[in-house]
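This structure is in structure tokens; I'll ask about it shortly.
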Amino acid sequence: MNIGFIGLGNMGAPMALNLLKAGHALTVFDLVPEALQRLSEAGAKTVASPAELARSEVTLIITMLPAARHVKAVYLGEDGLLAHVPKGVRLIDSSTIDPMSAREVAAAAAKQGNPMLDAPVSGGTGGAAAGTLTFMVGGSAEDFAQAQPVLATMGKNIVHCGASGNGQVAKVANNMLLGISMIGVAEAMSLGVALGMDAKVLAGVINTSSGRCWSSDTYNPFPGVLETAPAARGYTGGFGTELMLKDLGLATEAAKQARQPAYLAALAQQLYQGFSADGHGDLDFSAIIQLYQPKG
Amino acid sequence: MNIGFIGLGNMGAPMALNLLKAGHALTVFDLVPEALQRLSEAGAKTVASPAELARSEVTLIITMLPAARHVKAVYLGEDGLLAHVPKGVRLIDSSTIDPMSAREVAAAAAKQGNPMLDAPVSGGTGGAAAGTLTFMVGGSAEDFAQAQPVLATMGKNIVHCGASGNGQVAKVANNMLLGISMIGVAEAMSLGVALGMDAKVLAGVINTSSGRCWSSDTYNPFPGVLETAPAARGYTGGFGTELMLKDLGLATEAAKQARQPAYLAALAQQLYQGFSADGHGDLDFSAIIQLYQPKG
Amino acid sequence: MNIGFIGLGNMGAPMALNLLKAGHALTVFDLVPEALQRLSEAGAKTVASPAELARSEVTLIITMLPAARHVKAVYLGEDGLLAHVPKGVRLIDSSTIDPMSAREVAAAAAKQGNPMLDAPVSGGTGGAAAGTLTFMVGGSAEDFAQAQPVLATMGKNIVHCGASGNGQVAKVANNMLLGISMIGVAEAMSLGVALGMDAKVLAGVINTSSGRCWSSDTYNPFPGVLETAPAARGYTGGFGTELMLKDLGLATEAAKQARQPAYLAALAQQLYQGFSADGHGDLDFSAIIQLYQPKG
Amino acid sequence: MNIGFIGLGNMGAPMALNLLKAGHALTVFDLVPEALQRLSEAGAKTVASPAELARSEVTLIITMLPAARHVKAVYLGEDGLLAHVPKGVRLIDSSTIDPMSAREVAAAAAKQGNPMLDAPVSGGTGGAAAGTLTFMVGGSAEDFAQAQPVLATMGKNIVHCGASGNGQVAKVANNMLLGISMIGVAEAMSLGVALGMDAKVLAGVINTSSGRCWSSDTYNPFPGVLETAPAARGYTGGFGTELMLKDLGLATEAAKQARQPAYLAALAQQLYQGFSADGHGDLDFSAIIQLYQPKG
């Protein structure tokens, strides 16, 4: 298939490479010349603007951008995609943004005859490289069916979450819970060990009891419990505190718009915010357990 | 074996009955005559005080009491167990109390030659009746090995958590995490549905993603997601809000004594406390999701 | 002076009327015809758009709008004030918005030769009608000195808070603290009374001790303590919960941008958000004390 | 008057000295010989136990102890005051403890004919030395009237708060609010300064607006705002973080017993707890503002 791709950062670049590997013809754009260069060497055609990409021969355009304001600029800007893309070209935005913005852009696209899906991912840069991402997809069942094979070249788990925007809703809800659970595990493990328990024994009890969760059994933040978790390598790699902070920001903003309280989510956001302000934003988010280790 | 049992309430009575069923000779005490009567009819011998029980022919005494002050009274009181029990009689306290009190009582028992274990349970009244409780046990490996067969007649999962008090530590840490996770799930599910997602679809995404936890995949608080959860039956049965509140009280008290912050746990405690103050203390603790449903 | 005024809502209308009363010539605009009509009857000239107002003979334009997006649209929009206003015309925005947006608009105005101040107010609709508002003003000392006499016809307390945007900073910081203090007073009064104290006696102790604050001594939320507070009239009038919620939203958003944690502010925001979601958004914000009164 | 005094620590010693200065005959007890020695040199008679003090010729006994367990031991212990004190001797406990314990002890005293008041103080060691403490007194109006002249030799402000225990209620409610307000001021000042405002100007705005409070206008935690506050001397002196933590512990414990939620108080407690765990427990509680200053 002839596919356009905009946004070749840490996530977008490996995703685009997987599309090339799967045999698709790829036309790409990014503001950073080095990013374009790298894809060009791998066989992609490069263009100089979203407008040019929109007017090339692509039948599907995928975007992977940092935040809602970039998505709105690329799609809705005066010289953006929607101003230039022919009717019928399919659009997929894999950026993680708030559901309202996703729906706004998709509605604008639909109005002029371009079916659009929101399809944020989880799985990190590792999953992007390995082609094992999870895609949480919002849009019509028909559009989802069309997109499924292409997404499957970049991911392993392609989930239809319902109508437009629901991919974003699923991601924000899951990650909000993740951010809370991780702090919950950090508090429980730290308290248990402070009270005299062995960390591995405690994790073992929790993992077979009602406290069981991904943050405990797969990604335990206490050093020494899991050899495969970021805690075993100084909290490097993994899912950065800054990214968790961004997702909790989306979550509490969405809660505000939905007029829903989100007590623990808001407090979790502040805890990551304080931890980041103290210079730890680049550490994996499970490093938040350091808040519970005396500095004295 | 000749076993003594003190505390024949909602949990203690079915536990004692399982000991009888397993063929043990049982001597029991409770302040409530009806509770004694019921065990007597089932074949237990009854006595009029802890002191009398201590002086009977038992070689093991198990207690199941509401709170630390009852445990201290029964064991350390002027006319309590330790004042009357012969050296060598083994002691197991299955009450859920703070680790410090558990260690204080066990140390007093050890000093006069009575090996003691703390062995709080999880699994609720259903698990107590079915003999499928989990016992979290603190004490020496030798004492644990001795007690294991007896505990196995009342429970399915008998876990050695380390030295004295660690059974209580494991329970308080697990339930603290559970109390937080449940509110996390309540916030995530409520927000996702308010933003337009189907509850079952959202639970499906979470349960296969990093938000996965017991509160979501086994005990989901959103009505209609799981047929087997208390949410499917008006939040009756299950683990009461009052009991969760008690456990979070133990957790934050233990954190205070250990000089550990417990931000989310303390906020979770207040949320259950407010919910209980509004008259919902008898509902299953997953009913906390009602905080996130507009009353307007 | 020849003054333009945009935004004739609950706050803007009485402010504009005070300018008329002080003898200024007034040209006004609002999207709502009835609002225009009312000012017209009072002697103001009306126009059909911000652009028309910008091109009229005014030497100062004051705006009073609901949120940052309206301010940006009115000033920076394609057909907005800055596109049409002659160089040298002074601008004052009295809307309550985030400091960053205020600075962005002021910088754009300065760039084309229009001195601009941010000058949010406190004092409510009562203060607007009585001309006793407090203005918190950000901008140069010279511009402040120029604006002072005009602002003094609408307010009693005109405070220079420093450079551009600092009027908004002062307001957001003060109201964030106010939102926290009010809940603090609600918790302290409710707890004290629940423990057996008379509310007036307790307020008396607090008001002469280290807990003393405006929320306690001037605006006490406990019914019966102060005859002049909204608590004495069913929490009507005063400063609405929705407005406090908006200000706490600005505060936590500003904290996010400044990478500052704001633990209590974020929790306070959620408490007002939950209270508003339950249908109480129109009550004075001191009604938050109802969270602490059993519903059972 | 012939007065007994038990508890000659940092607060008790200067209080006792003021009683001596006022011309009262004093009989004292403390577990620490040096403390006794000091009072002896100042003219007090010393005794070897509370029991001995109870049986001496005193007509009033004042106690100043660290926590409820000490108060219970001294009054209710087997060899405690109530076991030995003649009927009619008046009792005043100035310790800061939970209201329930205060009422329990007072009820036991009343039962055997000893009128008792709870009379916790505020004002710190400085106020104790200067005789300018505030006494918050719970008990009957008659007993209060009797005690007032004696308390007035140690304090300046003697407030009758109502029936038994209400002195403790007033203190716990006030200090809970103080602990919250101080963090609120810390958040507001830190955010405002991070957003570009001068700290003194911001404090000036707050102190004349609705955010006004003792923590801002008398004890501002931001360095450089007030020359007389602990912030001006490295947060030494003043009211220690550990003491605030103790009072917030009493507050949340009282809230639990009263079945009242206390959201902000519980979070404030955890913030001081984390700050103390990091080794800052000896600093004045206003040092909590350091949580909002980047460590990076």
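Order of writing sets the labels: A, B, C and D. Residues in every chain begin at 1.
We adopt the following convention: contacts are C-beta pairs under 8 Å (C-beta built on N, C-alpha and C of every residue); 3 or more make two chains touch, one makes a residue touch a chain.
Predicted, not measured: the structure shown is a model, and the values here were computed from it.
Residue numbering at the chain A/chain D interface overlaps substantially, since over half of the positions present are found in both copies. Centre-to-centre spacing of chain A and chain D amounts to 52 Å, using the average Cα coordinate of each chain. A straight line joining the Cα centres of chain C and chain D is 39 Å long.
For the pair chain A and chain C, the distance between mean C-alpha positions equals 37 Å. Chain D has residues 255, 259-263, 267, 271, 274, 277, 291, 294 in contact with two or more other chains. Viewed as a contact network, the protein chains are fully connected, with every chain touching every other. Within the complex formed with chain D, the chain B residues making contact are 249, 252, 255-256, 259-263, 266-267, 269-271, 273-274, 276-277.
If you check the complex, the residues on chain D that touch chain C are 99, 122, 134, 136, 157, 159, 161-163, 165-166, 169-170, 172-178, 180-181, 183-185, 187-192, 194-198, 201-202, 204-206, 208-216, 218-219, 251, 254-255, 258-265, 267-268, 271, 291-292, 294. By the touch rule above, chain D contacts chain A in their complex via residues 263, 267, 274, 277-279, 291, 294-296.
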